[in-house]
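Two complexes follow with chain A in common, the first pairing it with chain B and the second with chain C.
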Partner chain A sequence: MTRYIIRRLLYLIPLFLGILIIVFAATRVAGDPVRLMTAMNPHITEEARNNLTAYYGLDKPLWHQFLIYLANLLKGDLGNSYVIRGGIEVTSLIGDYIWPTMLLQIVSIILALLIAIPVGVISARRKYSKTDVTVTTTSLLGTCIPIFYMGIIVILIFAYYLGWFPAGGYVTVISESKDYFLGSRTLDIIWHMVLPVAVLTFALLAPIVLLIRSSMLEVLKQDYVLAARANGLNDRKVVYKHALRNALIPVVTYVGIYFGAMLAGAPITETVFNWPGVGRLFVQATNRLDFPVIMGITVIITLMTLIANLITDLTYGYIDPRIRVE
Partner chain B sequence: MNKELLRIEGLKTYFDTWAGIVKAVDGVDIEVIEGETLGLVGESGSGKSVTALSIMRIVPSPGKIIEGKIIYKEENLLEKSEKALREIRGKEIAYIFQDPSTSLNPVLTIADQLLEVILAHQEISKKEALEKAIELLKLVEIPDPDVKIWNYPHQLSGGMKQRIAIARAIASQPNLLLADEPTTNLDVTIQAQILELMQNLRKRLGMAMILITHDMGVVADIADRITVLYAGRVCESADTKTIFYKAKHPYTQALLTAVPSLALRTDKLKVIPGNIPNLIEPPSGCRFHPRCEYAIEKCTEKIPELIEIEPGHKVACFRALEINLESPLGGAKNN
Partner chain C sequence: MQKILRELIQEKNKTKGASQWNIAWRRFKKNKTALAGFFIIGIIIFMAAFDSLIAPYGPNTIPGFYSGETRAPPSSKYLFGTDYVGHDVFSQVVYGASSALFVGFAAALIVMLLATVVGVVAGFYGGIVDNILMRITEIFLVIPFLLILLVFLKVITALAPSGGGGLFMVTLMIGIFSWAANARIIRGEVLRVKEQEYIEAATALGATKTRIMIRHILPNVLHVIIVLTTLMIATAILVEAGISFLGFGDPNAITWGQQLQKASEAVKEAWWEGVFPGLFITLLVLGFTLLGNGLRDSLDPRLRE
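This part shows the complex of A and B:
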């Protein structure tokens, strides 16, 4: 088991390097950040531009830039932002943005699973009933409606017309604590979370419900489910012990992949709700060609995805003994 | 006098599919006497398994029992509630499936699967249940039962898995065992062992058994009586000897002729012409008439009733008494 994990971790190294090279190359062909920075300044001289380019190390050949980046990365240095907060360190920048992202994501995925599992099971057990048709139709809508659209509609209804929840942000910007929602910072954050969490949960929920439903339908046809009934077990045991455990195997894959990508944030949700998370940061950095920030976030996402995949593989073994590593 | 354990009367189980209503079982009458082995024989699609699933009322959707009676110990199972049925399933009547690699749950240990069945029907502690489970594994002749019980199904061979499935079925000493082609998916060498084990256990525990099979060789060995199904109806029912030597239904006879046998020393295997009919729109009259060489006008118009032509021998054929069928085994044994 330990040997298996070590072997898997060693495999991750070339994979990680490969991904770094691709993203590094992709950012460099996206444009010239110095030109973007100085575009609004009519008095800029070519010399000043060259100085800036040299300052950021962008004048060196690509392979050289990459080696410098790699050497710094090994020291745990992700570089400094070109534009944000006067060139703040990327590590501390991501450190600031990661918690709101985690909060939003973890709450949403847990809610989505808590709702999706029973709904998917009920839907599968009452195939083609009114409940099932309602569930599948809603889920299909959920997968079809783009998040930015749903987000805007939700803001329009619940923030603008009804005024129940704030339209965006993470916490009320205030001078005194009594301006917080019900006077508490925690409650204020929760209050701000309601709309983005609702939208993200709905978007996450829909595919998981459909996945559980189809997987359950497949499993309910199996002989071992019939055998469980033939042995006089009650419905709850037949469905939740015998069927669901088998039906959850594909769901673990899905959620595992999602968990890996989780730190990428939900760029669209975060942008729509002005949520100060990594996703929105990523969008901003890309717009401004802030190479160190783009690369830094990519490094974190890549690492998380690779580790999450490993954990998923190990979880498989727990659920399905047939693929357990001896 | 042998006591009747189970009697099925006019059972109809239909499947409402997109293509139409499949009349998988269309008026089946069967009886089982306490402690006997009844062979339920027929081609694929003749309704053997659906009949057995109907007895336990676990026909998978869209299958539905339309009408009929299933009298078990003088009570009609079709009138019982789900809750009352759970007390019968696994405790009074148990089912052994064809393929043990699909009938055992792949993600649960053997212990898990045996214990839940024992605990569902018996008021004992977990510890006692575990002892009992190990006892059961010994009974089905599994080596190292206290080790094997912690295994998952995939760690065992096909024959071992079927032994586990048998252990699970007999966990609460049922009175009736429904064995749905229990050896079809096993190696030939293992088949005989499993059949012998089932026969021994059946005698030891005094259970009756319905053995579903299409293998005439298997029923010849272990069945006391045989009921032959064709396209969802019973053709003939009698004790094993009568079926093999004095069959009166042309289908039974054809089935016997189609069995490859060393004793008969024929060069060419006889086949029954045609296929089992479409069960959405079955042939009019006797369902076997399109394939029957003795069919007359009447066979195409009316459905023959199952009639007792001599004590314990029932046939559903208009011409059962007039045509003189010769058993393919006739010459081998005459009495």
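This part shows the complex of A and C:
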């Protein structure tokens, strides 16, 4: 197993480098960032521009800039923001914003899996029953509704008409007239999390349920399931002990992919719910062409996706030992 | 003798009537959900084709502005109400149909061209070609795709502030960054087809590699490509809506995503501004998803009982 883990880790390095090159190209495809940022400013002189370019090291050849970025990255330095808080370090900026993002994403994926596995299995066991039709129809709809539309509808109903939950934000800004929900900061954060987590969980849940259902149906047709039944095992045991383990193999791969997609989709979910995470920060940074922040967030999200993929691979190797031997 | 011949000809005509595509069509006609998808797409294509006849107001007119009816609720005069400047929401929704369809079809075309070339070449040649192409595919699979799209679109608009390529640029970018997953599926399918005996027969007859790829492999993975294309249209429409919602779309085009973005600033005061455009995005995506699933059921021979 250790050799398998090391092999998977080594495998991720060229992948990460490739992505880094594309992101770097994206920030430089328009040429000099300083010129781009100052294009709308009529007061800037050519000399001031050149000074800025030299200050940020943008006068060096592209490959040189890339190597410098890479070397700094290995030291844990992502550079400084061009605009935010007088050039704050990108690492400390991301440090402030990453936790809300992680909180939202991890709670949602755990909830989605906890709900999706039993629902998918029940749906498969009672194929074409009323329950199954309801589950598959709802899931199908769930994969078709844009997540921001779902967010807007949920805010409209639960925040504005019913007034049960706040429409957005991470925590109440306390003033003399306003206190935390039930007086506790933790409870207040949870109260703010309800709507975004509900939407994100539903969006993740829908495709996973469909996948588990079809994978389970496939497995239930196999000979060993028939053999287990013929040996007199009860149906519950056959389904949950023998079939489920095999049905989960294709699901594991997709969970990694969905998790990555949801992370990359963070700009949308966080913008709808005004959530102070890296996704919303990314939208703001992109609008202001703040390239170090853009690069930094992309690097962090890529790393998180790669780690999620690694966990997927390892789980895969754990569930199905055949994978470990190549 | 003649009788036997006649019977043979009849037999032949019978089998001719039941080609692979005919069987697929018969199965498709029986599939109610697929027909529902077909129907939804048909309505929206009709809407896009005759938009200026269906919409009661022109695309750039603001009827509510002059009469002081901005953010007016739905009424007989404004079916879906009016928005913040006084556009008729119903007319805007009708004009948005062609943008959504354009993005969907064009992006899917770009994606499937790239995915088919990569998938077929990698699967057919194998070895080092396969290795290199699959490593590139993996990069595009893992890359945080929405983030990169936003950066590229922003930089391009910053370079040319007057539009920056418009809806076509958005479509092109979606196309360039979404082919990887499809390429992988097509490659897998090619690997399966490659092992069949008729490919061996073609090779033995001296057919060139290009001929085998185009004449023998491609037609046999076509059903997969058709299904993936349909589902890709749905995905592309969703992605464009997301980009527009974040304000990175083409500001000169009328799109449902942009309508939702404007509406989200005031959902509390004017729910109709966002609810209707969002409903149409969902409907169109649902239409293509249903059609795609239906096509998969009727085209994939392995699913046949």
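Structure notes:
The criterion applied here is as follows: the second predicted complex is superposed on the first by the 293 of 326 C-alpha atoms of A that agree within 3 Å, B and C clash if a C-alpha of one lies under 4 Å from a C-alpha of the other, contacts with A are read in each partner's own complex, and residues count from 1 in each chain.
The rule is simple: contacts are C-beta pairs under 8 Å (C-beta built on N, C-alpha and C of every residue); 3 or more make two chains touch, one makes a residue touch a chain.
In this text, all values refer to a predicted model and were calculated from it rather than measured experimentally.
In the superposed model, A:Ala227 makes contact with chain B only, not with chain C. By the document's definition of touching, of the two partners only chain C reaches A:Val23; chain B does not. Applying the stated contact rule after C-alpha superposition, one finds that A:Thr2 touches neither chain B nor chain C.
Residue contacts after overlaying the shared chain place A:Thr298 against chain C, while chain B stays out of touching range.
Residue contacts after overlaying the shared chain place A:Tyr149 against chain C, while chain B stays out of touching range. In the superposed model, C is the one of chain B and chain C that contacts more residues of chain A.
When the two complexes are overlaid on their common chain A, residue A:Thr286 makes contact with chain C while staying clear of chain B. No residue of chain A is contacted both by chain B in one complex and by chain C in the other. Every residue of chain A that touches chain B in the complex is listed here, in rising order: 127, 221-224, 226-234, 237, 241-242, 245-246, 319-322. Residues 53, 56, 58, 60-61, 85-91, 94-95, 97-99, 102-108, 116-117, 120-121, 152, 154, 165, 168 of chain B touch chain A in their complex.
By the touch criterion given at the top, residues 14-15, 18-19, 22-23, 26-27, 29-30, 36, 39, 140-141, 143-149, 152-153, 155-156, 160, 257, 260, 263-265, 267-268, 271-272, 282-283, 286-287, 289, 294, 297-298, 301-302, 305-306, 309 of chain A touch chain C in their complex.
In the complex of the two chains, the chain C residues touching chain A come out as 135-136, 138-139, 141-148, 150-152, 154-156, 158-159, 234, 238, 241-242, 245-248, 257, 260, 263-264, 267-268, 271, 274-275, 278, 281-282, 285-286, 289-290.
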